[in-house]
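Next, two complexes with subunit A in common: one pairs it with subunit B, the other with subunit C.
After this line comes the complex of A and B, so read on.
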């Protein structure tokens, strides 16, 4: 049995290294993304076991503040059943932030620097929009929305959905990859200490991109739900 | 830039699993904890408000009770003051009465003492005067003085009022008096003796025999005894009468 072997992809700096476990090959980003998932799940389990009602620790207060901030943001955007949206959007924010920060660890690449990973996240958002939309207003109303105001608008609606999903994936991938490439080039050209400033920039970029991705997902989901609700309200005769 | 379907599918699965895990282990427990804490805080706040309200009610009740107590205290104090004033007035009146009684008693005692002193002084003066008079009259006690006194006695007997005479005669009759005893300091002359005997017999209303005796202790004058009746007109009896007036 042979050990894992690191092979650079054909695209050089732009590509993700691939790990080979014998005949089975898997990208490093998949491994790090899975490791991140396991780490987050373990941390969540550890956190749950140590949550205290009285005299909470400092980290618990920070966690509660962060979750309350996320919950408030979701509630401000989603007026109807916001608690259903929080797990998806909150997980996006936490996961993407930590995935972006993985790139700061020497020798590791951010999973979000892989289009396959960001594409998967964007695809989940793509399906989440109709999922929550159908749950909010039903199948018929949601599908009818794609044919309004004219039936021939359907392709445009579909194209809009696909392009915004694509932009979600490419925006995150492009920003994180660009940042890593820039830091790598600076590391090759200027030595060890010069990229430190860029590492701070990476930190901000990681935070910003996680926030943008999560907020866009929230806006897309909220937009789908609210568009349906706005159509329903005149039928009820309660809104002029 | 490459796209790997394996990574893509693995990531989808990873992320969906992660959503489920975080929902179960992080978001829901933390939100529930926050909600529970808010509820506990709200409950504690309500409890605190209730306790505060109870405290305010207790404070109001206490203040009302204190006000009532103050009023009762003032009433009790006023009543006590009034009672003390009444008791003071009563004691003052009692004291005044006692003082007045004491003054009256002292005044009576003093008056009594003064009266006793005065009487003593008077008695003493009379006694001295009696002694002086008896000593002085010893030199004047002569048969002439006695004759004058006898004459005076005869005149007195003759001028006795009728009711006195009736009383005297009734007494002589009841007692069965047999004779009249007459004492003089000097021996009387016969004529004066007879006049005296007649005056006495007239006063008695009977012819009783008269027994004349000489008693020098009389000083001068006469003493006549008819049963329980006695007629005195001599220095000794006069001085004794004078002295007895002082001792009375």
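After this line comes the complex of A and C, so read on.
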């Protein structure tokens, strides 16, 4: 690949590289995202069959530590019914973190550097908000939330739902793509060793973006569930 | 210079300008947010956990503004609809 093509390819703006199987073409991000899902699911199944109650092995302690940390974070944000939210948000954290880290493997791109993948993740959050909201408070209370405090606020509520979904997708995509472009350009300018420092930055960025995506999903879902709190304590403030 | 040359020059110049101006606002905003968070942290060190959590969420919100600029600039630079038009005129 020539220089500009390298940068463009890294930008993911030529589309992620397309793989051809005969006459069948599929984008690389679809393959890597699916492979990651399968790998995670089989790792989870394999791990589950080997969990031990008595004197657990080292890796089990590590997994329990991670689970504990996620559980604490969710519990602090949604004191009511955290066990319902943890599976979704924990999955988002783990999946996005690993998907971001795939980009560090030479020759592979992060699936999250593709707007389609991040868009799909944002859509999950978009549908999870009414799902958990309705489940927590019921249809009537949840829909009433859209018309409060005044009925004409409805378009604004709708707009905020849509824009924050867009933001969620574009933020993750932009961060990952921007990082890859920066490393690609540095590679052109400075040769081999300088981008290594930026790869460490990529590592931090991957962690931070995964954390933020999950945290924002958590905040949005908690916002959708606030109809429940108002129903239970009619005079309480709606501090988010 | 032909059409394409003029177009490319203008687009590059404005892309650089847009990136610089677009980062200015979020930069100021993030600085203010961090300053306030540090003040709060100095006053109440025991509240570090929740301050950090909200700081990170807020910074992500502000940062997405700069990311919008980046995405728009990348589109204008690499995937401009105008460029397609000029190339296939």
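Note that in this section the second predicted complex is superposed on the first by the 215 of 240 C-alpha atoms of A that agree within 3 Å, B and C clash if a C-alpha of one lies under 4 Å from a C-alpha of the other, contacts with A are read in each partner's own complex, and residues count from 1 in each chain.
Just so we're on the same page, contacts are C-beta pairs under 8 Å (C-beta built on N, C-alpha and C of every residue); 3 or more make two chains touch, one makes a residue touch a chain.
Please read all numbers here as calculations on a predicted model, not as lab measurements.
Undergrad: Scan A:181 for contacts with subunit B and subunit C and give back first, second, both or neither.
TA: second
Undergrad: Which of the two partners, first being subunit B and second being subunit C, lies in contact with A:76: first, second, both, or neither?
TA: Only subunit C is touched by A:76; subunit B is not.
Undergrad: Could you say whether A:123 touches subunit B, subunit C, both of them, or neither, answering first, second, both or neither?
TA: First partner only, subunit B.
Undergrad: Name the contact category of A:91: first (subunit B only), second (subunit C only), both, or neither.
TA: After superposition on chain A, A:91 lies in contact with subunit B alone.
Undergrad: Quick one: classify A:37 as touching subunit B (first), subunit C (second), both or neither.
TA: Touch status of A:37: first partner only.
Undergrad: Which of the two partners, first being subunit B and second being subunit C, lies in contact with A:171: first, second, both, or neither?
TA: second
Undergrad: Once the shared chain is lined up, is A:212 touching subunit B (first), subunit C (second), both, or neither of them?
TA: The answer is second: A:212 touches subunit C but not subunit B.
Undergrad: Which subunit A residues lie in the overlap of the subunit B contact set and the subunit C contact set?
TA: 11, 14, 173, 177
Undergrad: Tell me, which parts of subunit B touch subunit A in their complex?
TA: 1-12, 14-23, 25-27, 29-31, 33-34, 36-37, 40
Undergrad: Would you mind writing out the residues of subunit A in touch with subunit B in their complex?
TA: 9-11, 14-16, 26-27, 29-30, 33-34, 37, 40-41, 44-45, 47-48, 51, 53, 63-64, 67-68, 71, 83, 86-88, 90-91, 94-95, 111, 114-117, 119-121, 123-124, 173, 177
Undergrad: Contact residues on subunit A for subunit C in the complex?
TA: Subunit A reaches subunit C through residues 8, 11, 13-14, 73, 76, 167, 170-171, 173-175, 177-178, 181, 208, 211-212, 215-216, 219.
Undergrad: Using the touch definition from the top, list the residues of subunit C that touch subunit A in their complex.
TA: 49-50, 53, 56-57, 60-61, 63-64, 67-68, 70-71, 74-75, 78-79
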